[in-house]
Each structure stands twice: as C-alpha cells, then as structure tokens.
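Quick notes on the structure that follows.
Labels run A, B, C, D, E and F following the written order; every chain starts at residue 1.
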Amino acid sequence: MYELGVVYRNIQRAEAALADRLAAYGTSTVHEAMGRVGLMKPYLRPIYAGAQVSGTAVTVLLQPGDNWMLHVVAEQIQPGDIVVAALTAENTDGFFGDLLATSFQARGARALVIDGGCRDVKTLTEMGFPVWSRAISAKGTVKATLGSVNIPVVCAGALVHPGDVIVADDDGVVCVPRAMAAATLDAAAKREANEGDKRAMLAAGVLGLDMYKMREPLEKAGLRYID
Amino acid sequence: MYELGVVYRNIQRAEAALADRLAAYGTSTVHEAMGRVGLMKPYLRPIYAGAQVSGTAVTVLLQPGDNWMLHVVAEQIQPGDIVVAALTAENTDGFFGDLLATSFQARGARALVIDGGCRDVKTLTEMGFPVWSRAISAKGTVKATLGSVNIPVVCAGALVHPGDVIVADDDGVVCVPRAMAAATLDAAAKREANEGDKRAMLAAGVLGLDMYKMREPLEKAGLRYID
Amino acid sequence: MYELGVVYRNIQRAEAALADRLAAYGTSTVHEAMGRVGLMKPYLRPIYAGAQVSGTAVTVLLQPGDNWMLHVVAEQIQPGDIVVAALTAENTDGFFGDLLATSFQARGARALVIDGGCRDVKTLTEMGFPVWSRAISAKGTVKATLGSVNIPVVCAGALVHPGDVIVADDDGVVCVPRAMAAATLDAAAKREANEGDKRAMLAAGVLGLDMYKMREPLEKAGLRYID
Amino acid sequence: MYELGVVYRNIQRAEAALADRLAAYGTSTVHEAMGRVGLMKPYLRPIYAGAQVSGTAVTVLLQPGDNWMLHVVAEQIQPGDIVVAALTAENTDGFFGDLLATSFQARGARALVIDGGCRDVKTLTEMGFPVWSRAISAKGTVKATLGSVNIPVVCAGALVHPGDVIVADDDGVVCVPRAMAAATLDAAAKREANEGDKRAMLAAGVLGLDMYKMREPLEKAGLRYID
Amino acid sequence: MYELGVVYRNIQRAEAALADRLAAYGTSTVHEAMGRVGLMKPYLRPIYAGAQVSGTAVTVLLQPGDNWMLHVVAEQIQPGDIVVAALTAENTDGFFGDLLATSFQARGARALVIDGGCRDVKTLTEMGFPVWSRAISAKGTVKATLGSVNIPVVCAGALVHPGDVIVADDDGVVCVPRAMAAATLDAAAKREANEGDKRAMLAAGVLGLDMYKMREPLEKAGLRYID
Amino acid sequence: MYELGVVYRNIQRAEAALADRLAAYGTSTVHEAMGRVGLMKPYLRPIYAGAQVSGTAVTVLLQPGDNWMLHVVAEQIQPGDIVVAALTAENTDGFFGDLLATSFQARGARALVIDGGCRDVKTLTEMGFPVWSRAISAKGTVKATLGSVNIPVVCAGALVHPGDVIVADDDGVVCVPRAMAAATLDAAAKREANEGDKRAMLAAGVLGLDMYKMREPLEKAGLRYID
C-alpha cells in the first residue's frame, strides 16, 4: 500500500475557500454531514482544549522512533495546510516539539495530526499551535530511516489523501475527501440550520420522542411501558 | 440479567434532601463513607474539570452504536436526576451531544454518566452540563435497536438501581444505594468533621505515623529502619 | 531485586543547587541532555496542567491497594524532595489524597510521582501540590502490608535510586541519576542556548532540511522527489 | 452495593439438573437463548482451550492483591459449583494457583471465573481444572483484608447472584439468573434444534439472504447493487 | 471516505495463480517482500494456531454491533476469496459464528479477517475455517443498519481494496495490492531462496555481524566494546 | 540510567549449577522464594505453551523499530544464557525471527525475553526456541541506531543485571539477582518440599482455613457468618 522513500511535490489541494469554512462546523457536524464516515479513532486527543481548525492535508509517513520525515514534509507545507502524520507501527515517542512547530507555523501550517506522540506541550500551547496526538511523551526520536511525503496514508484508522480537508476540534479529527468538500460544506450548513430550531424546541421541553416522531417506530419495535 | 425493550415509569427515588446533600462531600469521601464500595471504574472521566454533582439515578441500557433509548429515557427524567447509561457491549461512539443535553437539561437532569462516548464537548462545557464518559468521540449513532429504561444496570463495573444516588466529581463516580443514602450522608459528614482536625495536625508537621498510631503495628509487621 | 520491609534513613541526595536548577529546562530537554534515557513511560500524567518541578527522590515501594508505606515515607521527606512511589503490581487505586498531600507539603515535598492512582485532585490542584499518576481514582486503600522506603525502585519503567533528581512537567517525568546531575545540567544549558538561534532561524522560514544539512544524507538514503 | 466481611452460608442454588445441562449448549447459544444479556466482558479468557462447563455460582469478593477470601469461599463450595471471584479494584495478580485448585477440586468445584489473575497454569491444565481469568501472573497475593462470600457481585461487567448458573467455554462466560435457568434451557434447546436445519441449508449453498428473507428489508433500508 | 449502503458486484480480483502461491511464504516474508508495508495491526490474532492462507479480498464494512452485511457479502464470495471485514467504530462483539462460517465455506471462502469479535471458536476450529479477529466474544449482533460491500476499507490500520491479496498466518495479516502481487511473489521467492544459505551459516555459528558485514557500520556509529 | 553505544564483554554470570536448577521450580515458586519481587509484568507472554527454562541473562537495550543490537548481543551469548531485550520506548515490532533464533540457538542461548514483538512464531515453535514477548508482529525492523549490550536494563518493569538468573514458564518471567541465586534455590526447594504435604491434605478435603489456621485471624478481622 505504502511507497517508501518518495516525496510528491505537486498535490492537488481542496479549494481553500471550502477547506477554510469547514472549521466553523466542527468535527461532529462535518462527520454527520459526510454520512458518518472518515473519522479518526478517538484515541487521538488535542494537546489543549478549545482549538477548532480546518485545512488541507499534507501527509507524511513516519517510521517508529524516527522523525526525519517531519523535516522533509515541512518544505511541502503551504499556508492553510494541516500536516497529517501516520506511522508504520504503533509508537508513542515524542516526534514533534516546539522547534518543528516553529518551523511548521512559519510555513503556514495550522495544526498537526499525528498517530504518535508529541512533546513540549506547554510551549505549543503558548504558541497556539494545536496538535492532535495519541500520546504526550518527552521521548526523543532519531533521524535515520526514510518514510514518504504526500502519499495516501492511514492515520488513526482513517484514510487520508494529500489535499483532502482535515477538520479537528475537541471532539476529534475527521477527513473530508477533496471531491466531497463542497457537498459536505453544504450538508453541514443545512444540518446546522436545522439544529437551531431543534435546540429551541428541546430547550422548551419538547421531547425528541415527539419532535422526531419516534413513538410509533418504538412501539413497532416492541417497546413496552410498565407502571 | 437484563430485560430488554421495557421502560419502567414508576421508580422509587432516594429522598431528594439526601440526594442533594451528598454532592458536597465528593466522590472519594462518599466512597469511604460507604465502606469503599459502589465505585465506577476510573476509566470514566469528566469531560471538563471541576464539576461536582449528586442526584437520583434514572438508568438506561443502550446497544452499541445506538442511542435510540436516550430519547426514551429523556421523558422519564425528573428535576434532580442524573442519567446513568450502561451498554450491552463495549463501544466508544458519541451517543450524546448538545441536542440531547439541551433536552436533558430542560427536563431537569443534572448530569450524564455513560459507559460509552460523548461528543460536542465544547458546547456541553459552555452549557455547564457535565458528563462522565469512557471516551470523547464524534462518531454518530443509529436509532434501530431497543434497550431498556429504569432497569438495574451495571455501568463501568458498578451496579446501579433506578433511584439510587449518584455522586460524581473529578475523582470519578460512585453509586449510593437508595437504602444507604441516609447512613452514608451521616458517615460522610462525620468523616469530614474529623478531617479538619487531621488536616490541621498534618499541616503543622505531625506525622500520620504518630497521629494514626502506626509505629507499633508497623514494627509488629516487621518493619526495620536502617541507618 | 526488591528488599521488602526496610526503611533506609540515610540516603545521599544529589546536590540541592543542581536538583533545583534542572526544573527550568523541563523534562524533554533534560531527557535529551541525558542522551535520551531515564524517562518514565508516558502513561504517567500530571493531575493538572502547567506544573514544572525538580527535586531529589525519596522512593517508596507500595503493595497493590495498600498505602501504608506512604505514611512511612512521609517521615523521610526533607525540603526539596519529590516522592517516587513504585508498585509491586499494576493497580490504579487512589493511594494518595489531600490529607497525605498536606503532610507531604508540610514536610517540604514538592511533588509526588506514583505508578498508581491518586484522588482528591480538585483539592490537590487548589493546594498547588502536583502529582504525576497513572490514574485518578476515588478507590481507597488499606494499611496492611509492608513495602519499603528508599530502596532503588522501577517506577513506570524507569529505575530510580533514592537521591536521584526527578524532573517533571506536562511532557512527563525523567530521572537523572545523582552522579549525572551536574553533567546533565551543563548539557541542558548548552542545548537551550543553541535552541534560541535555531528557533529564530526556523521562525524566519529557514528549513530544518537546510539548517541541519539533511539534504545530502536524505539523498544518500535514497529519497526521491516526484513532481 | 457491596457488604464487606460477611459470608452467607445458605444460598439457594439453581436446580442441579438445569445447571448441569446448560453446559452442552455453550456460552454463545445460552447468551442468545437469554436474549443477549448476562455476558461477562471478553477480556476474561480460559487458561486452556476446549473446556466447556456449567454449574451453580458461589461468589466471592476479593480486595486487590489479597486472596484471603478464596480460602473462605472454599468451605462454601458444594459439588457442581463454579466459583465466581470479583474484585473491588482492577488487579492482575495471581490470586489462584495449584494448591487452591486442589482444594476447590476436592470440594467438587468445576471451575473458577476470576476478574483477576491466575498462576500455575501448566499444573491447572494437567489437573483439568479450568479457569477463566483476566490475566496470567506469577505475582503472589497477601492474606490481610476481608471481602465477602456469597453476596451479589459484578464480575467482568456482569451481575452474578449466588446460586445463578454459570456457563463457560472458549467463547467466554455467561451468567444465567437462577429464575431463568429453566426457560433458558428450553430456549437453548429450541435454538439448537433449529440450527441443524439452517446449517445443512447453508452448507448446501443456500444464502442467509434467502433463508432469513433479508432481501426485502435490505432493499427497504436502501441497499443498492452496482455492477 | 466510505460510501454506505452499496454493494459492488464486479470487482477485479488479483490473478488466482498469484494469490494462491503467496500463502507458502507467510505473512512476515511477504511483508518484507513488499518493502515492509501493508501490515494489519498486531492486535488481530488467529482464533487457532497453525493456519496459513492467502486469497483474494472481498471487503465488507460493518456497523458496530451489527452483522447484517456479513450475509450480504456472502453472496459476493467466489472460491479462493478471503473476506475482510472493517468496522465504522471499535467494537468487539461476536459478529461471526459457525452458521456464517458454514455459508462462507460453502461459497468457497478460505478465511475471515475481521476488525471485531468472533464466536463459536471451538466449532470454527473443528471446521478448519480460520479467522483473524480482534476479540473472541459470545455477544450477539443485530441486523438493522447498512454498511457496504466491496468498497475500499481500512481494516486494523491497513487499506484493503477489493481484489487485493490477503496473506495470513500466526504472525498476522498483510494486504498485497493487486497490482503488486506478481512483483511481491517474485521478491518473496528470492528472499526465501536467500534465507536457506543464511540459515545454514547462522546454524553453523557464523555471526550476523560478519555475515551481514555490520562491524564497520557499527564502529562508525560509535559502538564501543569494554572489557 | 542507560549508557548508549556500549558492549560489555566481561560479565559475571551466576553459577551455572544454580542457574540451571532453578528452571525446575518454575516462575511462580521462584517468585515466592525470592519474597515476591523481581517479576516482569504479565503482558509478557510465551509464544507457545509449555516451555520452562532458566539461564543466565545477557542483556540488550534496543531502540524502537530497530533490531541492530540483537546481532551485536548474539556474539556475547554463551551456552546457558537467556537474552533479555529491553526497549527505550514501547514498540511492538517484530524484532526477532527465525534467522536470529537460529543464530542464538547455535550460540547456546536457551530463550529470548523481549519487551517488544516477535515474528516467525510457527518456525520458532518447530525449532523449540521459546520467546516471551509483548506482541507477535510481522513488522520488520531497521538496523540504524545503537543501543547497548550487557548494561543493567528494565525489561517489562523488572530490573535485570547481566549475569542474573532468568526463570520463565507459562506463568511469566522472573529475574533472580546473581547474589540471591543460591538462597533462592534453597528457599524454592523448601517451598516445594512443603507443598507436597499441603497438596495431599487439600486433595483429601482439608480446608486451607484449617491447614493454615486462618479461622482465628479471620474472626479477629471481623468476618461474620450468616445463615
């Protein structure tokens, strides 16, 4: 599946206007808008609460305990990108810290999503550079073995192609394939428009049972009320 | 053990005055006051720090990946309740988000304790609706299969009967059986009364070794000091 | 490996001036300065964000579900110490809470590092007494079985001798052997001096590829760029 | 929930004829026959493959790292019983080995189900005394703290009352409440009777799609075939 | 990423002659022959030891706790296929048992690889139908929600397209993309041819240090021998 | 703690006569004979059941995803040794397979204990070369970064010095410090001598309660019997 030792320099990014606007809807809404697919596993957690971003994916495949390719991917970053780092094997080392974050931020990256560990989290928090990672670890890494840049990768269980849109917030990380970005944005907007009315009704005490007309299907499924 | 497809509408709740006052003591003290039983497993974590609540349990049993019964349980909530959601199998999907929270809050629920995942945590935090969950996940759920409401459930390893008192804070979640609520409140109050004196002595430099008279039993157990 | 039922009263602590100054560099830098060794496993997490400490280790070995020896170790604490608690078997019970913290703080301890669980985290946070633990749990412990104090212990995978220096922050916990404290402090200082220049260059857009002269070794390793 | 320090000597066991006959159907069929409830979590695994047993539960609640109560429960064993051991906190120590197994076997116990660790697995295998445990560990335990015998316990997530029927095989462990034993045996027998015909049809190449008449509901649910 | 509710009937399978012959080399050799990519995560384990198979992938995407689509995929099986089942969320339920295995075997399937649970393992072992799964669990599943058949899926972290070759044995499971099957077979054959000579030398006491000429690079890397 | 890039060639091994004879007692008895210390964590499992070995430790420290040092340690093996491989960070890659096993076996090694992954388990089983590992994984490793040989290491939570005695069987792995080997052998022999009588009594139906005279201490601890 993976091609090792290659860097693809020309990737086709999702349209910036689409990629930028998806952040506002957040991971859960975007995931719903896509039909409940594309979500990374929930072990990926933000290093600090409250960040909510979207951007175009540049991808990198790392070897366990080796962050050499993070320097290679830095050169491929364009403003508005989010770096998505997958690993060839499970590993929680601290692949990424404040120096790389300074470089990524200078290149215009908005965030890092990494299926490994991260360190210098206090400084990263002060810098406002959000990272979604599977661990926080001070363990340093070597620079000895090649991976690849801008190949399709599986990160935390989700397939990500270079140029796809990544949306990340406190609920996790979702990948929107480039070809679905426009439709997903539409669907998310519609979903959110609907939610305002629903929220108001629920806040007024209307039950979901009535609002969603669930009483009949529940009865058909055999639900019994016992007093 | 579990009866599926039933909703018990009439449950006997612990006395509100008791249920309300247990919050002040917190999970650890209440757990001690009960004789160190009734605690849910520590993988249940609050979605935000600092919440400290108690209330009467309404219970719901969910199927993996299916949150249909959360709408059913909403109707059974009375002011002062805490919803306790157990699952028939381990699953980390996001069963609960801001819309259901709006509904639960409107019905008077004080919190949700769920042996599954939760989403929309940023909004829930802003709403001040606390949730103790085993995961945070944007993964949506379906509405296809029945569980039950207000049957006894095992949630994160603890047995909860409808009407029991739930106490939850940063240390975790404990269930106080309805019949033990009054005695537990007494014991917790006594424990806390004692703790003030102890704290003052310890803060003044008195050792637990002396305060608790441990030197003799330690010596009997064979403890040796080596200089 | 472990001697049970003993308390060593006279331990040789690392020089306070060294132990105190290592905190400023933080876990990740100290871990690098030591040659990437001595790190505890990343499952140890701080109970609140932002604490950054260093101090001399007093060690204690606990039995699962039993915190008796934490009272024994309290007597051995001197100002500037950090208590390092290892366990004879994996266990997440709440061995440590606000009363013990009051005692430890009164004795001059700066922190606790424990390969088990901790409770009363809200109060500990208010007291400003930091704990790095593998779990937060309200589960109480008994006082029935001996462990030892100030023997060498393995805590979260790292070997700690009494008197070693412990450095802990949001990135985790590292142990600096007493004999390496001075050299590590020097190395950490040099490392940090270097980092300022590097950070400035990276912030200005210079790539790590160029700053670290990685292009040639990457090419030798066979990296191919594809347009 | 738990009462500590008590031993109930008179428990009402499920009828032996029912308890004995459930073994033949195995865990998965019995779990289905009960309506898919009562199953212990799948982290409980047999120490050797191929054992398939059923019997009446005597229950014991253990403290972490302490197997004292296993000696207490031994006296309560009657021929045809299965001992179900729950813990007050997660712990993987080796609570049970060949000496206790010799005692349990001499008393007529058929198996042990323990939400903790087990040791001497080679000898237990040679003795033909099956154990379902969450871990295998040589770690010894102390005899210092009381639990209880023959109280209702939660073992690996399932509620077990003394006298319930336990069924265990390579697929895991299920608890059949005493009052449901007869109905479950009937349902299991009917289920198995049906399965022979189904198996023959499927072996002959008939599809479940047709045998279970799933094509119409799948179409209604929106399934599309694309050539 | 995922399209839900669709069944692709016409997929292009890797050439049978290639798919069949890869089994003989086993997972580890094939994984090396591919350049160390395409491996599923090691939590997938065979339900019994000793099975070693290869075949062409038919893929299925399942919802948690729902095995409806396993009946749909059965119809798409052709002799020589291996079914690869991915899940939309982590779940360990027993999606697959002896009845489905009878159907799959009758259709010519050689094995199942599933990122969820499996049951009836005793019968499956007797049938000689191997399964690689993340859990063994008696927990039954419902038939209520659509997934898809023969779309690209991520199973245990590896991307699998319908028609790819799957190789599985005691070491785990690897996916060989259809387009790489021939080259991988060649590379595996060459690798194995080499291994015979190497094995003989090592068995005769020659060190890998000398056979692989590692002494010079180790010295260059700074390795020091101390007597 | 760890010195990197060094190979100690002259280590002092425990006396062979002692090291060899400990195997007969097995891990659990030896662990008890040592006073319940020195045990590796139970996640280390044998790749096949039934192996029971002891021998003198040669140690190696590996980097994640890198097995270079296993070739270096091979040269230091003497007949009767067991290789103990620790890692600088958690990693489950397949560091060890049939070729290295051929080499280790040719040098006289009796087993490998590794805090990482192992592969070629079918061949290793046929060769009768036992491995205790934390995972089975086909994932290959690189040869790029130095570790060390024959330094003290922490493997699966236990401290191992070169020359210590390792005992391993189905119950796990224990390390006996060289200086304790003779005393441990004595204690193990006495323990086993005692066990014969105890086993006979228990098999005859005598209760541990009586044999160990537990009734009085249990009563003192407050145990109540309820009829």
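Of note:
Everything below uses one rule, namely that a residue touches a chain if its C-beta (ideal position, glycine included) is under 8 Å from a C-beta of that chain, and two chains touch if they have at least 3 such contacts.
Bear in mind that the values here come from a model prediction, so they are computed numbers and not experimental data.
Any chain that touches chain B and also touches chain C is listed here: A, D. Traced through touching neighbours, the fewest hops from chain D to chain E number 1.
Under half of the residue numbers at the interface between copies chain D and chain F are found on both sides, making the touching surfaces mostly different. Mean C-alpha position of chain A lies 41 Å from that of chain D.
Chain C and chain F have Cα centroids separated by 27 Å.
A straight line joining the Cα centres of chain A and chain B is 31 Å long.
Annotation for chain D: residues 36, 88, 90, 92, 137, 139, 145 touch two or more other chains. If the chains shown are joined wherever they touch, the resulting network has some other arrangement, not a path, ring, star or complete graph. Under the touch rule stated earlier, the contacting chain pairs are A-B, A-C, A-E, A-F, B-C, B-D, B-E, C-D, C-F, D-E, D-F, E-F. Those residues of chain A whose C-beta lies close enough to touch chain C in the complex are 5-10, 48, 68, 71-72, 74-75, 92, 94, 97-100, 102-103, 105-107, 117, 119-122, 135-140, 143, 145-146. Contact residues of chain E toward chain B in the complex are 63-66, 88-93, 137, 139, 142, 144-145. Those residues of chain A lying in contact with chain E across their complex are 1-4, 35-38, 41, 88, 90, 152, 154, 157-159, 175, 177. Those residues of chain D whose C-beta lies close enough to touch chain E in the complex are 26-28, 31-32, 36, 39, 42, 45, 49-50, 52, 169-172, 174, 195, 198-199, 202-205, 207-209, 212, 214, 218, 221-227.
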